[in-house]
Amino acid sequence: MIRFENVGMRYGAGPEVLRDISFELKPGSFHFLTGASGAGKSSLLRLMYLAHRPSRGLITILDEDIATIPRNRLPELRRKIGVVFQDFRLMSHLTCFENVALPLKINGAGSGVIKKYVSELLNWVGLADQANARPATLSGGQKQRAAIARAVISRPKLLVADEPTGNVDDALAVRLLFLFEELNRQGTTVLIATHNESLIRRFRHPVLHLEDGQLVPSPLRPIVPLRDRAPPPPDSRRFSDPIYPDAPGEGGRHG
Amino acid sequence: MIRFENVGMRYGAGPEVLRDISFELKPGSFHFLTGASGAGKSSLLRLMYLAHRPSRGLITILDEDIATIPRNRLPELRRKIGVVFQDFRLMSHLTCFENVALPLKINGAGSGVIKKYVSELLNWVGLADQANARPATLSGGQKQRAAIARAVISRPKLLVADEPTGNVDDALAVRLLFLFEELNRQGTTVLIATHNESLIRRFRHPVLHLEDGQLVPSPLRPIVPLRDRAPPPPDSRRFSDPIYPDAPGEGGRHG
Amino acid sequence: MAKRRGDIPLGNDPASRLLPWIIGFMAFIAALALSGALVLAAFSDRWSAGLTGTLTIQIPPPAAYDDEAGFEALQKEALAAVRRTPGVASATLLPLDEMRALLKPWLGAGADPRDLPLPRLIAVTLEAGEDVDLADLGRRLEALAPGITIDDHGLWRERLTDFMAALQLAALAVVAVVALAAVVMVIFATRGGLLAHRESIELLHLIGAHDRYIAAQFQGQTLFAAIKGGIAGTGMAAGTVVLLGHGAAATGAVLPGALVLEPMAWLWVMTVPMALIVIAVLTARRTVVNALVRMV
Amino acid sequence: MAKRRGDIPLGNDPASRLLPWIIGFMAFIAALALSGALVLAAFSDRWSAGLTGTLTIQIPPPAAYDDEAGFEALQKEALAAVRRTPGVASATLLPLDEMRALLKPWLGAGADPRDLPLPRLIAVTLEAGEDVDLADLGRRLEALAPGITIDDHGLWRERLTDFMAALQLAALAVVAVVALAAVVMVIFATRGGLLAHRESIELLHLIGAHDRYIAAQFQGQTLFAAIKGGIAGTGMAAGTVVLLGHGAAATGAVLPGALVLEPMAWLWVMTVPMALIVIAVLTARRTVVNALVRMV
């Protein structure tokens, strides 16, 4: 469970870029996060993936109160959170394959397991041909897909994606959203910050809307009940889980 | 005038990512460039802003044959080309203001001129408050707008923009397109690579479409005659020209 | 494939690329300075061995020109007294012939000093490392007969030791500066690496890497750089020392003993790269651990 | 505001931050080594001045004990012969009293060598820098009377000069290594800077900057680093030299002349930072210009 209560956030000694944020994401929910450029979407996500501490308020991430969690237990919690960064943050000296494999490697997975799951996922996002390419030689959309693959490779309990479809065309964006929905169906809580209005219209998930650092009702769609979801699209495929092989919902076809 | 004749391009010893590209952009024209992720849009733009040489074919940029131009005349030609990079490429240690001022500074402009024009332009793209912020402290959309401001600050003869609206919402995207159109109206040749279909639908400029490294007719809109343009939107504003004060079409209101 | 390479491109950043060179240079200087100090120590020992470790005792001839028997008895007593002294290895009465040979240049080649009333000299060799109580010996000899004097070549020895000590002090000062410089440079290089890779480090943190996982990569990198640099620098210094020794020998130097290092001294020189490696790794570890806990 | 700072964040990258320290360290070592060589040179000059520059000529007493007049004539002739020799500054016959004082220790305090047939000694001072043809002088003296010998203290002088030369050779080897190391390090640091900032450089190129605009920033950066490091390192070395000199003086060393640098020698030491700065800037410029023409 994710819960924000009266959260404020500032960078350094600057003004508060987030103010009085309160909301709750149920386990297994799927939300969009919208707002104008500079409204604070990325900042809110930074709080969720534990890159920043709030200046006030209470944050609970996956049932952990992040104000009291000791530093040495942070890595464990972070391994349950997958992040797609707005600027990708791929390691420039590692290949596409190695970048995607990184979370598994840090988790101590064996190279056989790594090879199997990473190849499968690269295939899914359409990067099989670029497996051995360095990020510098990837196109914008290819980088973005590699970043997405890295975020989902370890089947996180919480997936946080910042503008994950800004560099791909609409067809590919829809395909990537299917990937997130598949993950969501297996129990992952998903929050996606996006500017893409056609995506939000197509995938009827509830929307959190930020305006100038505060949560306000979305002009596109007020927050709707959790169960009101679009049915899974026909070409969504499952992929197997390298880290939690017995995760709920597992057992689909393998690509 | 921009002309490509049977151009091919490869990175290092890799396969050709562009093949048999032939087209011509008339001075003062405005084109979109579309194509799936990895189709070669950014590569084509790299050729246009002289970051890469073709492996074959003939390229003429602003009436210069780039195969024969001596190295010491390249800077002069490049100063006439404004570029919005897909990954922004802001200098991380310079402020937003200094980044936008860079082309003027390299051109030898005085600090009074720089201050006037940069402030005006930052105002236009909505970054007046962030003038003294480093890129690392800007949001994704703010970075993108700074990159756009830097590309247009010196009134280039050719403007090349790679996915300039990937990180901003549709309203802001439209506003930025107005900026490009205003520039275009003053004589700048514009080429914009984008995935944003709603933008292409709204601004009825001709479309170059890439598929797997080759130019094919656009599914959205076949290339249309140059004069078939949308009328200027009501809120488009002119801004004054720091480098070519007597550029054609100059004389609008100053913001 | 992902296993062989570190996650952070540490080998790539400028600071890391410089580190082996810096450490190599410092190892070179430190090893050279240390070798210098050691060579000087051995050399000064050997040189002053010709001056120290020996005494000359001079027994004046008796005032009465004809007391031959008394003079000989006095010589024997003095010799016995000297031999009894702790720390004396041997003592010999210089034969009259040698005395005369010594005197010859002063008397002219043609002179025959056979019948002169000459003082007698006792050549004393001291045991190595022992300190002889010269004051006590002097008192005892004085008691036998006034006028017996001890010459311990003190001035020369003092000059030489002072000079050598000054040189050695300079050499050791250089070694100390190198150790300090090594700490400073490693701190800077490591901070440089942390700065250059702060985004990679943040990313690793955010995907769940422990501090020790990250610190290990820095430590490994520094260890590698220090080993490379330390060995290369010390090797070059050793080569220089050997070459200088050979060069000095080739110029036909008449120095008392060549300018070469003893085997034990080589062991000391070998401690230079080891010390540098230990200093570098510990410094890097401390710097990284301190920095990491302050990051996200 | 945009004017004050370079476009490329050169001061920020690890290699650039290290550069002043590296150059400082190298300046320290080079200045110290050069000072050492200079101190040794001056010192060895002063020390051997007591040994060289003088000769002793010994005239044996005549075989006939009573040929006083002949002996004195011989002494005068020899003295005249010596004084005629080019390069001789002065020559004095050692008075008999001094002769006896010299002999006293050998003859015993009580002996009176007044009536001994002593050889006579001529003390010769040579003109500084002049080379005297000793073989010719020897032949001429031999012609006057067989048995006249010349003692030029050669062995001592040779030992000392050899030793000093070996030390100076080592010091100059260090200076040479430092110069080489400076070139290598600057090349690496500059390449590191080029690598670290290759994106900034590409961007500057793409928005129309000339190569010289970019190269100037690197050169300025290196100049700044070299000035900082060169001055600091040389200053520290000068401090060390002064301290060592004082330390040596304070221990009451009986060295012939203190271990201090002459004013002229200080000027030489000052060339160290200047040479380093020139080496650094030229190397940086070359490296950058070579690299830039190969970029877009």
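Letters A, B, C and D mark the chains in the order given here, with residues in each chain numbered from 1 onward.
The criterion applied here is as follows: a contact is a pair of C-beta atoms (placed from the backbone, for glycine too) under 8 Å apart; a residue touches a chain by one contact, two chains touch by 3 or more.
The structure presented is a predicted model; accordingly, all values stated were derived computationally and were not measured.
Common neighbours of subunit A and subunit B, by the contact definition above: there are none. With every chain reduced to the mean of its CA atoms, the largest distance from subunit D is reached by A.
Remark: subunit B and subunit D have CA centroids separated by 66 Å (rounded to whole angstrom).
Centre-to-centre separation between subunit A and subunit D, using Cα means, comes to 70 Å.
Contact with two or more other chains is made by residues 12 of subunit D. The set of subunit A residues that touch two or more partner chains is empty.
With chains as nodes and touching pairs as edges, the resulting graph is a single ring in which every chain has exactly two contacts. Chain pairs that touch one another are A-B, A-C, B-D, C-D. Contact residues on subunit B toward subunit A in their complex (touch as defined above): 11, 34, 36-38, 41-42, 86-87, 137, 139-142, 144-145, 162-163, 166-172, 195, 197-198. On the subunit C side of its complex with subunit A, the touching residues are 1-3, 5, 7-9, 12, 199-200, 202-210, 213, 293, 296. Chain contact summary for the complex, subunit A toward subunit C: residues 49-52, 71-72, 74-76, 78-79, 83, 89, 91-94, 97-98, 101-103, 105-107, 111, 114, 150. Put simply, subunit C touches subunit D in their complex at residues 12-18, 21-22, 25-26, 28-29, 32, 36, 58, 60-61, 63, 102-103, 105-111, 116-119, 147, 155, 158-159, 162-163, 165-167, 169-170, 173-174, 177, 181, 184-185, 188-189, 191-193, 195-196, 236, 240, 244, 247-248, 251, 253-256, 259.
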